[in-house]
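There are two complexes below, and they share chain A, which is joined by chain B in the first and by chain C in the second.
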Partner chain A sequence: MSDEKYQAISKAVTEGEDIQTGELVKAALDASLPPLEILQKGVVDGITKAGELWKANQYFLPDVILSADAFKVGMEVLDPELKNTQTGPSRGKYIIGVVEGDMHDLGKSLVVALLTSAGFEVVDLGIDVPMDKFVEAVKTHQPTIVGLGAYMTTTMLIMKDIIKELSNQGLRNNVKVMVGGVPTSQEFSDEVGADAWGRDALDAMQKALTLVGG
Partner chain B sequence: MDNSKTLILACATVIEEILPLMPSDMKYEVLDFGLHVNPNQLRHILQETIDGANSRFDTIILGYGLCSQAIIGIKASCCTLVIPRVDDCIAIFLGSSKSYQNQLKTEPGTYYLTKGWIEVGDSPFAQYEKIAAKQGKERADRIMRLMLKNYTRLALINTGRYGMDHYREYARKTAQQFGLRYEEIMGSTTLIQKMVAGNWDNDFIIIPVGETVQYSHFYPDLHK
Partner chain C sequence: MANPNLEMLHGMLYGKGIRFGRLSGLARIIAAMTGDHADVVPFQGPQIHDHAMTVAKVPARKYYWDADLLVDVHLAVCRWYGFDSATIVADAYNLEVEALGAKMIYSDYAMPTVDVSDPLIKSPSDLDKIGSLDPSKGRIPYGIKIGQLFLQKSPGPFAGGFFCSPWSLICQAMGYPKAVRALKRDKAFAQALFDWAENQAIWPYMQALRKAEVKNANGADAWAAFPELTPELVEEWIVPSADRLRERGKKELGMTVSAGTAAADYCEEDIAKFDKEVMFKCWTAAAKTFPLKVAFSGMGRTQEWNMHWLQEYAVKAGTGGKKLPVMASLNGRFMRDSEPEQIIAKIAEWIDILGRDGRMLVFIGNVPADTPSLNVHTAVNAVRTLGKYPIAKDLSKIKVDSPQFKPFDEWLKDQPEADIIFKSRQSKAN
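Up next, the complex of A and B:
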């Protein structure tokens, strides 16, 4: 019974049905299914399948955008319940944002959702985030990891300046830095002095877990 | 520069702007515009095309920029590669990397259109009707709303090489339909003129035979 419910949620997410996803997640919660299972076997499973279809060239950008939106709706319904559920100790604080001059938020939204599902306490600074705001946030929140996203070659080099500024202010040794976004690469991540590169949202989550020793 | 030994290899949208300025004895090849959404595939096809052509030419001029790093890793084993030192085609249309940076600073949430982009029809605006027909208006509207969430301006680049009325009308109508502010910005053919005349100054990267294109060719500051 419960497996059918999870599959239905997963399918709704993959197919990008936002309203249906919200309703199905709510129904699953009303039926007292464990929030963490709804998350993993339902919404995360659905977005993972959408990602696989994208990689197999069976899904195009509009399809992925709708799946990501449905995923987001599912997460919004689920999030308060997840916070009430004891899911073990937090993996630590993760600050994330898209660098200044860059307005792309789809990739970051996916990373935020997956990090949340993995147990990180995520502070999302949003898009078009100036360098000072990243630095201030690191000072204020003292996160374990700070994640920088850039989705254009015109903005990606700013990540190097941010990492430098963290060093200048004596903050670099206390925080791990991850970078990601379509034009970035492992070589680029090494060049700018990041600790890890996320090839895609799922990879970013896995690398974050590795960084915190999980 | 021997024109007959020079090949221009360009994206379908960029060739539109190059053709009117290109010497008649120069050859060219065009690659599909749609490749830009998949940098790995674009890199693969660019390399394949260069491999197939480079023994017949002294120089291949690429009508591409960094293009989401699709250009990184490209090499030609028998000829020189010349690449404009730009992030993408918008800088080519605007005439320089500097003009592009200025535009990006002024209004980052800008969707750019050119004659080529409109004609190729591979923009979200052009896809809207197709998606609406296939998946219904509601889903198509949702896709557009999500895709354009952070966009405020639709800018049509006028490079001054052709009659703009038709494209202006299309861009204006599109902006209105999707709630964006329409603006026409003046482009420039400076970069393309230099490109086809062999006047490869600091706005161009010259890659010797056998050498691989690297990110630092575009952004030497990376190593500073």
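Up next, the complex of A and C:
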């Protein structure tokens, strides 16, 4: 019975049915199913399947957007319950933000959704994030990884300054840095001294898992 | 020969085998587009505003407000590189939403950008509150003047105004995720959004352009590229919208309004996902909105494409025994990140596949700000050397010399744009 409920949640997330996802997650909680199982077997399973379909060229970005929306709704319902539950060891803390002067957040939102599903504790600094805020966040949260996003060829250049500032302040050795966004590339990532480049949201999640050895 | 009509005629005749005289850049492009081939594969001027600003070292807060400066920087930088045409466009996706009241972020070093954290359209009821675009507001007058100056300083079929196409405008006004949700889940709202974009945002701008004697406008639509939209969604929404604007422009203003440029541009990033069938669908959908009948590659990861597929498509889609002209676009990041030797090798590979039977043009899909100028000069020089007709049997035996060029500032001293560019560097604000 519970497996059917998880499958229904997973299907709703994969198919991007956000309202239905919220209702199904709530129903599962009302039925006293464990929040962690709802997360893993339902919500995460659904977004993972959407990712697989994306990778197999059966899903395209509009489909993934709807799945991510449904995932988000499911997480919103689930989150308060998860906070009351011991969820086991996290993959680590991941700070993410779009650099100053850049307001594009679509890619970041997808990365946040997938990192969360992969077990990272994500601290989302948002968009148009000044260098100082990244540095302060690294000091405060002591993350395993910091992710920098940019959408414009002008703003992406700030990434180099941020990485340099992390070094200047003696923080670089304790944190991995990932970069991503449409104009970035592996070559750019190497040039600015990042540890990994996320080609797209799924790739970013996989590279993050590699960086933490998982 | 500085008359664009004569240059076009020259190109048409040359392409049809009546070959005399030295081709201008425009004539070369027309020869490749309409005939068999030109004297050499043409290199079209790319979208280059960020890069041109960087090369010319002019402040963003002046460049994105001062039409004279933006146009002169484009013309100078395009000429310095030796392109066969100039594409002059500013931050084409921002002007309408900015004038309608969208919150913007302005920067000293980058183009303006929409603050998507506080979008113009948050709910369907906002559509009624926004009202129609007032073409005297925001930077619409700047856009109009760019169109006028482009026509005045570099006349020809590619000169004109620019605008943000309906779909990309909707994305700018409410964010892509919500906009795409409307397409997939709420078609009535999606149609209301297109109606608003076409009639209340874009149309007043077109009227103002026409009043300023700009009779040709091109609408960028990168948010409709693949995979942001599938070719099916492009066919369902973008093509009909572009048709409506084209018809209305022709009928009511006697103007060419080309919306949907770059719709269905195949921009898949993951090489493992490259799919011939999807690519063919994209090229077919793209041809329905692109102002020129070409097999189009734009901003995608083209350096990894199998160009035999593009050639196969162009041959299949051609008419009268001639393939469609092929727009072979070098990826912007490839141009920025590659060594000159890699660029030369890529161009040799492409000319070998796409250029032997003519009807090939080279282009760059939006030049990133920090692209080394050496790389762009190398690309132009390589196309000029390797793309000479008849194409050499073995291109590997053709030596491409290092491009010879003066540093931009030194070259600029003798150019008509020197004064405005050098003076603008002293100014920090508009």
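Here is the rule we go by: the second predicted complex is superposed on the first by the 196 of 214 C-alpha atoms of A that agree within 3 Å, B and C clash if a C-alpha of one lies under 4 Å from a C-alpha of the other, contacts with A are read in each partner's own complex, and residues count from 1 in each chain.
By definition in this document, a residue touches a chain if its C-beta (ideal position, glycine included) is under 8 Å from a C-beta of that chain, and two chains touch if they have at least 3 such contacts.
Since this is a predicted model, take the numbers as computed values, not measurements.
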Consider chain A as the common anchor and indicate whether chain B and chain C clash or fit when overlaid.
clash
For A:160, decide between first (touching chain B), second (touching chain C), both and neither.
first
First (chain B), second (chain C), both or neither touched by A:183:
both
Contacts of A:199 with chain B and chain C, given as first, second, both or neither
second
Classify the contacts of A:126 with the two partner chains as first (chain B alone), second (chain C alone), both, or neither.
second
Counting only touches as set out at the top, which of chain B and chain C does A:109 meet: first, second, both, neither?
second
What is the contact status of A:213 with respect to chain B (first) and chain C (second): first, second, both, or neither?
neither
Chain B versus chain C as contact partner of A:170, first or second or both or neither
neither
Report which listed segment of chain C has C-alpha atoms clashing with chain B; options: 187-195, 277-285, 313-321 or 421-429.
187-195
Please identify the positions on chain A that touch both chain B and chain C, taking each partner from its own complex.
16, 61-62, 65-66, 68-69, 101-106, 127-128, 152-154, 157, 183-185, 187-188
Given the complex, residues on chain C that touch chain A span 50-51, 54, 60, 105, 107, 109-111, 113-117, 175-177, 180-181, 183-185, 226-230, 233, 269-270, 272-273, 275, 278, 332-333, 336-337, 368-370
Going by the contact rule set out above, which residues of chain A touch chain B in the complex?
16, 18, 61-62, 65-66, 68-69, 101-106, 127-128, 152-154, 157, 160, 182-185, 187-188, 191-192
Tell me, which parts of chain B touch chain A in their complex?
37, 39, 65-69, 72, 87-88, 100-101, 104-105, 108-109, 124, 127, 131, 139, 142-143, 146-147, 149-151, 215, 218-219, 221-223
Using the touch definition up top, name the residues of chain A that touch chain C in the complex.
16, 55, 57, 60-62, 65-66, 68-69, 101-106, 109, 126-128, 152-155, 157, 183-185, 187-188, 199-200, 203
